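Take a look at the structures below.
In what comes next, chain A is part of two complexes: it sits with chain B in the first one and with chain C in the second one.
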Partner chain A sequence: MEFSYYPGCSLEGMNKAYDKSARLVSKTLGIGLTELNDWNCCGASAYMSIQELRAHLLSARNLAIAEREKKDLVVVCPACLTTLTKSNHYMGEDLKLRRTIASALKAANLQYLGTVKVRHLLEVLVNEIGEQEIKTKVTRPLTSLKVAPYYGCQFTRPFGEFDDKEFPVMLDTLLKWLGAEPVNFPLKAKCCGGMLMTTNEPVGLGLVRSLLDCATQNGAECIATICPLCHITLEAYQGNVNKKFATSFEMPTLYFTQLMGLAFGFSRKELGINEELISSKAVLARRVEAV
Partner chain B sequence: MIGGIYRRDIYPPFSHLRAVIALSEERSERRAHALGNVFLHAVYSIPGGEKIKECIQCGTCSASCPTSYAMDYTPREIIAAFRAGLLERVLRSNTVWLCASCYYCTVRCPSGIKLTDIMYELKRLGVEFGLVQEGAVAPVLSKTFVDMVDKYGRVPEIPLMMTVLLKTNPLRILKMIPHGLKLFLRGRMPFLPHRISGISELQKCSGAMTDALVSGVHAGPVTGEET
Partner chain C sequence: MAEKIGVYVCHCGTNIAQTVDCKSVVDYASGLPNVTVAREYQYMCSDPGQELIKKDIKELGLTRVVVASCSPLMHEPTFRRAVEEAGLNQFLFQMANIREQCSWISENKEMATERAKSIVGAAVKRVEFQEPLDVKKVPVNPNVLIVGGGITGIEAALQIADSGKKVYLVEKEPTIGGYMAQFDKTFPTLDCAACILTPKMVSVGQHPNIELLSYSDVTGFSGYVGNFTARIRRRAKYVEEEKCSGCGLCTEKCPVSVPSEFDCGLGKRKAIYRPFPQAVPNVPVIDRDRCLYFTKGVCKVCQKFCPRGAINFEQKETYADLQVGTAILATGFDLFDASKVKQYGYGRLPNVITSLEFERFSHASGPTGGKILLKNGQMPSNIAILHCIGSRDTNFNEYCSRVCCMYSMKIAHLAHEKTGARVYEFYIDLRAFGKGYEEFYKRILEEETIFIRGKAAEVTDVAQTSAERGKLIVVAEDTLLGIVRRIPVDMVVLSVGLEPRKDTTEIARIFSISRSQDGFFLERHPKLAPVSTASDGIFIAGACQGPKDIPDSVAQGAAAAANALSLIDRKEVTLEPTVAFIDEKSCSGCKICIGLCPYNAISFDESKEVSVVNDALCKGCGTCVAACPSGAIGQRNFTDDQLLAEVEAICA
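Presenting the complex of A and B:
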């Protein structure tokens, strides 16, 4: 199974471990990920907030390159997923927009006919690879590891093409296949406040606190993330939350691909698990054999 | 020269209204009217945007919003304020930049109004006409983000954060040092931006789009397109 792979800017920066573990897990399951040649920013929300048409143009260039490679595009960042999918939809629905973007692309001899589907890696793993194949790769089950499955906002919103918009279950399912125990996590698709951390920290910290509260109260030992922005927000701002609200959270966060890699028998180092800000060592030592 | 190119520019030009909003400080009624018109026109240009007419003021959006408690005007009140001709007050408040783009309002609205897209439009209107809350950091972050993407093709996270803090609150950099150090020690702090090799190609596309829209040439059918 071959895809073009779009890491996105966050995975080049603070979230390299997500990139590393995503590639490793995909390879193990026979998914060929070829990095999209010379990809650019998706036109993310911060860009869209200032320049609308150019944001669509940014998405369109990525989609045009993927179309030339004749492969669907796999992303790991839900914000990139939503931005690219939104451009895909709006260019499909709005003839004038499509023409405007098409004539701009033409200036660089590019064209986009609208044939590329943008998919999140989690959805590909669950829908294309499935229970049987994933279970056969599990050599070190994460038995009774209590995980809060955290999806964040933009995995299924606004489009909800492959899971519930408000209460997705795909990550819960995958965690069970790995032997882990996804806890009840009512805030699983609530906002982490990541976008607000630089611009309005008090509001952002309140959102992080409610997530950590919810995970703790439901017995989670760690949080599994599928979004680089949620991930860095949850791990980097726990100290600030503890200070502001006089709490004592110390909740490790792990990318879902890191948990998969652990279950498949890879070492912590291969998965970048030694790079997190809040150590998961104690939790994993308690639950996972010979880490 | 206008500051940006927007989807509403693909549709009939609104340059006279731009002029009214930009200049007539003293004629507030005319200005409010013009601003409302540009806004409505922009919202109508979003696929499904005309649904804004069907707002029943139920407040589902405000109740679903994780940040509405901190907003000067809640999402429901934005539409009420617009109807009352008070959009400028909304733009000058803390409201729109508190939207974290979580899309709860959009998926829950019983009238199918794409409120998140409307929030984006309000952000753009505010920046275009200089109607933003004084001292707000978020517009600075977005503008810096755009500049960096236009220059490199991708966004380097660390230089972005540093630049925004330098522009807005340099003292906060000191507070970030412990975070930064931890990330650095774990190899998660790349300082150097990566420039994509197709950056000039991208700039060419962007330039072509601006030229076409400024000269009022609406794009016709393009090769490969089914009609």
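Presenting the complex of A and C:
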């Protein structure tokens, strides 16, 4: 199964381990990910609300390049997913926008007909690969590892027709296939506070705290993430949360692809698990054999 | 001899004239071959408009008439009648639709005018080839079939039966009564639902003119207006109705206890059961899937105790063919499945219940004897009622379910009265439109119900403060204050909307009627024919046509009854002669048409070895005409000559 792959900016920097593990599990499952040639910023973050047209243009350029490959475009960052899908959607609905973008793309010898489907890797794994295939690759089940499945705000909203928009379940399902135990995590689609850390840190920290609180109270030993920003926010701000609220959280955060890789028998190093800020070593040693 | 054609272009006020230059269409039509006269008029359907046509037929000797106006669905009968009254056969008339198919779909006057000319030109060309047809009259069977025994069907049945006509009332459940039987009180008067419903149910059960077929459904419906045959499947109750006295001993002795559907699973029933004590007919049924005898081959306790020997485990389902002249569908609605909206936690969080479950709690003979209780057996001290669950929501149903605002306020009243709890209503807009409804709203306000304008975003059990701990927290944007509010409560009631029944597609197929975009049955005209359908003799009433409260449902039940009675009292009806006909010389006897006809209107004449169309059964759908490999089948008023002339004119 062949796809174009758009890693997005964060996977080249702070979230390298996500990229590494995503490529590894995809390869194991026979998913060919060909990195998009000469991709640029997806146009996410504050860009869309400040320079909407330019943000759409950034997206459109990526989509135009992807269209030449005639394959679905796989992303792992929900912000990229939302932005690319949003531009796709708007260009489809708004003739004026489509024409403006077409003329801009033309200047770069590009054109976009609107045929690219943008998909998140999690959705591809669950819908295309499925239970049977994934389970056969599990050599080291994550038996009784209690995981809080965290989707963040953008995975299904607003374009998540593939899952329940307000209460997604895909990651829960996948974790069960790996032998892990997804815990009840009612805040699974809530804001991580990531975007607020530079503008309103107290509110952002409050949000991180409630997530950690909720995961802890429901017995989670680690949090599985599907979003680079959620991941960094939960990891990097735990210390600040503990300082501000006099708490003592020490909750490891792992990309869902890292957990898959573990179940598939890869080493911690191959999956970049040794690179996280809050070590998962103790938890994994307790639950997963021979890591 | 050349035909003399009259063309009449209607302005329809400004509906057509605003977008189409009618004068120019008239000038164009005047120049067409065989057109004797072309005129325009503001409202062709009005009396003076029709007079114009009649006068021209008489004075100018017109032999053909074309009216360019609205859809034939709207006014074809009007103009046909006018033509006939002036002495011309009504089928020598053709309607050109320049409203729905032209003016309403265009903003460009020049192009719309050209399009109108083309449509009129095609009609003029076609009308030349039209032939006079004779209308047949057939007698009307006075028996009426009513499907659905909720309050709507009950009202219709009683109205018709009281007039001396025979009614077959078919109900799928073991009892009539529908949703209303499950309700506690009714808005805005707060009458007890049972007190006003059960007397009517009893009347239905005892009425000499009503044959009640409960635990039954319609599996086939054929024939034509005035002369239908309905095939009814009567499911096995395993209790012989004539022998059963309704003493209830069997139910009392039955050892199997399962969740009661009537109580929304909150209470129990037995494997042999009546949904509720006032059921009509007062005869229990055996739930085959739960009965120990049927599942394990043991027990038969009910049979041992029945003093009348009414239990019959060998009973089989039977079929009955009923002859009726008209049918009224009052099949009602389904409630929206609240578990589809995950963020409100229905099925996940305890004490999040639906409005119907609240009704059962509140009902004096419900599972808690009328007490509003939490899972832990205590009374709630704070209750939130969330409006528009599954309604006015583009993710689910776009339409407003119409009844929820009012029943939510009724629930607020009952909750307040029975528990003394503080009640919050989370609403988008408050729609209290009926007689006495606004006054009821005021009363609920005065009872200190707290109205928060904002659709609830979610219900969560994740507390942020100590006051929230152990509570359900309703999160909503208060759009009047412009802030997000978190209200901790003990119980959340989801005011679920109304949906088309799951078997609506099937019923629509059986009765050959259409559905509107929202899935409910489609009425013939939204304002002027609200209980008629496009199929003559088949009427719809109540919530199967769209969400409706009890007063509106009863009004429609009565209206459908009046429509049926009016048809019956005409004693005979006319049949459209626009049916298929077979040229016996060309028919090869391949029988392809027979298998394709959706109305079983074609049979085979073995002696002549040709197919034969029954004019009365044929609905003129044209399927056989298109399918006949020998081109032996034609359709009156849709002949090849007529259609080709029309196409040729458009393409010219």
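Please note the rule applied: the second predicted complex is superposed on the first by the 291 of 291 C-alpha atoms of A that agree within 3 Å, B and C clash if a C-alpha of one lies under 4 Å from a C-alpha of the other, contacts with A are read in each partner's own complex, and residues count from 1 in each chain.
Assume a contact is a pair of C-beta atoms (placed from the backbone, for glycine too) under 8 Å apart; a residue touches a chain by one contact, two chains touch by 3 or more.
Computed from a prediction, not measured in an experiment: that's the story for all the values here.
For the composite obtained by superposing both complexes on chain A, the positions of chain B and chain C are in clash. In the superposition on chain A, the chain among chain B and chain C reaching more residues of chain A is B. In the superposed pair of complexes, A:V138 makes contact with neither chain B nor chain C. In the superposition on chain A, A:M1 contacts neither chain B nor chain C.
Look at A:V203: by the touch rule set out above, it reaches chain B but stays clear of chain C. Of the two partner chains, chain C is the only one touched by A:P186; chain B is not.
In the superposition on chain A, contact of A:F167 is made with chain C only, not with chain B. Once the two complexes are laid over each other on the shared chain, residue contacts for A:C214 go to chain C alone; chain B is not touched. The superposed model built on chain A shows that, among 20-28, 56-64, 470-478 or 614-622, the segment of chain C colliding with chain B is 470-478. Judged by the document's definition of touching, chain A residues 165-166 lie at the interface with chain B and also at the interface with chain C. If you check the complex, the residues on chain B that touch chain A are 4-7, 9-11, 45-47, 66-67, 70, 94, 97-98, 100-104, 106-108, 114, 116, 120, 123-124, 127, 136-139, 141-143, 145-146, 149, 153-158, 161, 164-165, 179, 182-183, 186-190, 194, 196-198, 201-202, 204-209, 212-213, 218-225.
In the complex of the two chains, the chain A residues touching chain B come out as 9-10, 12-17, 38-41, 44-54, 57-58, 61, 82, 89-90, 93-94, 96-108, 110-111, 113, 153-154, 157-158, 160, 165-166, 190-191, 193-196, 198-200, 202-203, 207, 236, 274-277.
Residues of chain C that touch chain A in their complex: 341-343, 395, 458, 460-462, 464. Of all the residues in chain A, the ones that touch chain C in their complex are 164-167, 186-187, 210, 214.
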